[in-house]
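In the two assemblies presented below, chain A is common to both, partnered first by chain B and then by chain C.
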Partner chain A sequence: MKKTIITFARWGNYTIAFKTIFDQLGLEVIPPEPTNPTTIAEGAKISPEMYCFPLKTTLGNVLPGLRKGANTVFMVQNIGGSCRQRYYGAIQKKVLEENGHQVNFLDFRATPRDIYRTIKKISGASSWQIIRAARFFFKKLRLIEKIEKKAQFYRPREIKKGTTDQVLTESLTELEKLNKEKDFPRLRKEILKSFSEIETEKDKKIPRVALVGEIYTVCDPSINFDLESKLGKEGIEVHREMDITYHLKKLVFPWKDWTIQRKINPYLRSTVGGHGRDAIYEMLHYVKEDFDGIIHLLPFGCMPEVTVRPILEKIHLESGIPFLSLSLDEQVAEAGINTRLEAFIDVVRNHYNSKQ
Partner chain B sequence: MTIGIPRALIYWKRPQFWESFFEDLGFRVLLSPETNKELVEAGVRVSDPENCFSTKVFFGHLLWLDGKVDWVFVPRLKTNAEKLEYCPKFFALPDLSKILVRTPILTETFNEKKEPLEGTLAKLGRKIGREKREVKRAREKAFLKEKDEEREKRENFFRKIEEKTTKITLVSHPYNFYDDYVNLRVKEKLEKLGAQTIFIEETPVNETINQRSKVQDKDYPKFHWEFGKEWMEKIDAILDYNITGAIEISSFQCGCDAVLKEFVEKKFKQNSIPFLYLLIDEQTGEAGLQTRLEAFIDTLR
Partner chain C sequence: MKTYLGIDVGSISTNLVLIDEKNQILSSLYLRTEGDPIEVIQKGLKELKNYISKYNPAIEVSGVGTTGSARQLAGVITGADLVKNEITAHAKGASFFVPEVRTVIEIGGQDSKIIILENGVAVDFAMNLICAAGTGSFLDAQASRLKLPIERFGEIALRSDNPTNIGSRCTVFAESDMIHKQQIGYSTEDIVAGLCQGLARNFLNNVAKGKNIKPPIVFQGGVSENLGMRRAFKEALGEKIIVPPYNTVIGAFGVALLVKENHPQKTKFLGFEISDKNIKCTSFQCKSCPNNCEVIEARIDGEVVARWNDRCGKYSNLKYD
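Moving on, here comes the complex of A and B:
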């Protein structure tokens, strides 16, 4: 048998954490290509036309790795109940085979047991090794999520524009290089220190905007055209609740779903798959918190998000909170998004000023 | 008291049944008219632009019923008797309908994973003030009617299969197949071109065939959608008969079809049966469809 060389789908800054798992277990891994117009075009070219956008981008990320000699692809399935994500593995395998790539697809369900089994099977590592790798993965993941939140806070407040983004990029690069768990506390300290050294305007009052919607488009800055950074540079604080920890927590502990269902009962009395319910719940939450705007992100034609969008629009009409829904696919150009965003930022500022 | 049923989407999952059920319980049932241009336009105007075409048509029917009836019946179909899910867009239909119309919506969650159909129907009966006994009688009558229809379909199927013409299977959802405006009278057009159409859901699935397909390694994933499993099984079944060609009709932005199409196409191609994929939406022109159908029929000869 040939040696297993792994590649996997990219997901924003979290890719760094995923890579750690394979590195720690001594598997050979080719990291996925960062998402750029070329990979998106390549992925979209061979994938089914009517399928949702993340399938096309993830396929595009994997392709360069396969050309470099990877022969195993990691793909999670069943991220959100009824949604099409469940068939990503099957479809991508079929599409890749039709295009002459012989790949081994590790299509596992997103339950801790199934993840553990798949990793055990592929790496042959002992349970202790896997637990240690998982621990390191969670440490890195938590730090990434933490500095993302910090960046959201610092961006609108920084005095010299662009400092935060610079610090964020540097920290992520450092984090990617780190592969000894022993050195982690020191690096963590350094990163947090560099964030606290960013000069900020104290007591600045700024409008707040929340991102809701489909988890992949919300979390990956290369998919949503760096929305967080763009808003931050315009002096708007961005909030989002969606991240991997949130998703994993929901997978393991079901009671979060019960709370969500109870809160959204006047609007929707059933699940719609994916994170459809969460979008409504989050929007209601942010309206209550007196935010100044909501941006709803979704891949074009995403079934759960399209289904809940009329409900989000209803909440928007009832509460008067500025609302912008952006559907993304391979044909959306950055210029178009920028124009809509500029108009939206004006609306947000007006809304904020009228409140004062 | 009048109950309105939109003649779209979920109606076609069980035609006859709901009509018969409510009429037996002593209600007047008002069905929305067959789909026409005005209905589609009204639906397209109110619904989300990225929603699938079938849902847009459904909203058009719903708006037509608004104000004409005491209740509009929009069930929330979640899982069927085989514990397989319906399309996720069905899950939220009652909630979305409530936003659009002022007429009260009569709804009940049909989730057979948690509760058998009988229980849900009894609950529905209680909502409209009917006793369990009455509901039971109405239910049984409706089931009988449904069974009659099924038998008729079966006989029809074997009659069609015997004929010595070009036979074309139409793979589609019932709400696309039975609604003649939506599918642009594709059946009529094919018949004019001298071909016989067989709807995939009419195909009887033999238990023995079923057993066999369980044993052999399937080349498609285990679908959690009821229509996914049904289609693949029925395609397996219909391949045993002598079929000339296959056409899949799907509505624009149907997420489930995007998945299924890949495997349906693969199945037909493996058996070297010509396959045509038609995508319909509110902008599809009849002339374009006619040309494609003619070209397809020509390839079969």
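Moving on, here comes the complex of A and C:
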């Protein structure tokens, strides 16, 4: 049998943590090509036209790896609850085979047991090794999420524009290079120190905007046109609850879903798949917290998010909170997004000033 | 005399408005962009310069603002003090003429938008997403297909007492439905009036869907010149439709007001001389990181004055003098 060479789909800054797992288990891995217009176009070219946007980008991510000799693709199922994401593995395998790639798809469900079994099967590593790799994965993941949150706070308050983004990029690069767990505490300290050294106006009062919507588009800056950074540079603090930890927590502790359902009962009485219910729950939460705007992100044709959009619009009309829904796909031009975003920022500022 | 210049470079038209300290419009220009924003801005500035030297040589420009889809480019080549999105600019312009305005319907060459205002500031807005149905360029195309001058399009629509029903969910289907109605013998007036009604319906169902439309309603942008569209909106909404003065150049007027409010200490305006200079824009792909941004570079007389469109700021943060 040929040696297993793995490649996998990219997902924002979290890609770094995913790569760690394979590295730690001694598997050969070709990291996915970063998402840029070329990879998106490549993926979209061979994908079914009406399929959701993330399928096309993730396909574009793995193509260069396959050309470089990878023969196995890692694809998680069900990461967004029950939606078409479940069939990504099957569809991508078919699409790739039709285009002449012989690939083996490791298509597994996002439950701890299934993940463990899949990894065990391909790596042949001992349980102890897997637990250690998982621990390292979580350490990195938690740090990435932490510095993302820090960046959201620092960006609008920094004195020299662009410092936060620079520190964030440098930190992520360092984190990607790190492959010994024992060096992690030192690097963590360094990274947090460099963040605390950013000069800011700490007590500045500024408008706050929350990002809600589909997890992939919300979390990946290369998909959502660097939304967080753009808002931050305009002096707006961004909040987002959606990240991998949030999703994993919900998998392990299902009662979070019960709380969400109870809270959104006046608006929606059943699940609509994906993170549809979560978007309503989050929006209600942010309205209560007196935020100054909500941006709803979804990939074009995302069924759960399209279903809840009218509900979000209703909450927006009832509460008066500024609301913008952006649907993203390979045909959306950045200029159009920018115009809407700039206008939205003006609306958010008007809202914020009228409250003062 | 201190004046402020607003420039709105859209897909179809480019408008320049010069206002004085008392918000009086001294001069307004409506030009066709014709796919060359740089040349049309130069042409506009040249005309404005002629106007100033002819009527009042004491006029000096104390601030320039740009808006429209080419606002960034226009801002770079004129040296604007303020670059503002067209939604805010239109809201500003509308609330100047109708201070208590609650709803602004703006239909331009390629885009249409609705703005909801409260106390003179925008609180909500929507723009057409993918479809350009009902915008100026579609009406333009249909007018030339029917061999009608676009200026008379609205007037012809008003002559109809019995507009036909034209399916308007999609531009392409609206067109084939229109052809079909022609083939079976409807009069031109009824078809034109039906088209206006269909487009108003399309706007209200797509762009304005879920928005709180309250009077007073202001209708502006190039398409608001069309009497048929005015009537169609009036009938569809059951409300009075106000078309403000300078309705076609109101975006430029709005941004001129905004730049005046901003009070630039010293304007960055490069002067009317740029209309005689050689301005060129080129683009190149930055290979420094995997983002592969298409960086755009503007040169005036061979010298780089600005670069933009990079995500990280490597080029846009550089200083160019």
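Criterion: the second predicted complex is superposed on the first by the 354 of 356 C-alpha atoms of A that agree within 3 Å, B and C clash if a C-alpha of one lies under 4 Å from a C-alpha of the other, contacts with A are read in each partner's own complex, and residues count from 1 in each chain.
We adopt the following convention: a contact is a pair of C-beta atoms (placed from the backbone, for glycine too) under 8 Å apart; a residue touches a chain by one contact, two chains touch by 3 or more.
If you're wondering where the values come from, they're calculated on a predicted model, not measured in any experiment.
Using the contact criterion defined above for the overlaid structures, shared-chain residue A:Lys149 touches neither chain B nor chain C, since it reaches no partner.
Applying the stated contact rule after C-alpha superposition, one finds that A:Ser82 touches chain B and leaves chain C untouched. In the superposition on chain A, contact is made by A:Pro34 with chain C only, not with chain B.
Residue contacts after overlaying the shared chain place A:Arg340 against chain C, while chain B stays out of touching range.
In the superposition on chain A, contact of A:Ser327 is made with both chain B and chain C.
When the two complexes are overlaid on their common chain A, residue A:Tyr267 makes contact with chain B while staying clear of chain C. Touch criterion met: A:Asp226 reaches chain C, while chain B stays clear of it.
In the overlay built on the shared chain, the residue A:Lys120 is in contact with neither chain B nor chain C. Using the contact criterion defined above for the overlaid structures, shared-chain residue A:Pro310 touches chain B and also reaches chain C.
Within chain A, the residues touching chain B in one complex and chain C in the other are 310, 327.
Across the complex, chain A meets chain B through its residues 48, 50-52, 81-84, 86-87, 90-91, 94-95, 267-273, 276, 300-304, 306-311, 314, 327. Residues 47-48, 50-51, 76, 78, 85, 88-89, 91-92, 94-96, 99, 109, 220-221, 224, 253-259, 261-262, 266, 279 of chain B are the ones touching chain A in the complex. For chain A in complex with chain C, the touching residues are 33-34, 36-38, 162, 165, 169, 222, 226, 310, 313, 316-317, 320, 322-323, 327, 331, 335-336, 339-340, 342-344, 346-347, 350-351, 354.
Chain C makes touch with chain A in their complex at residues 69, 84-88, 119, 121-125, 127, 129-130, 210, 212, 289-292, 311-313, 317.
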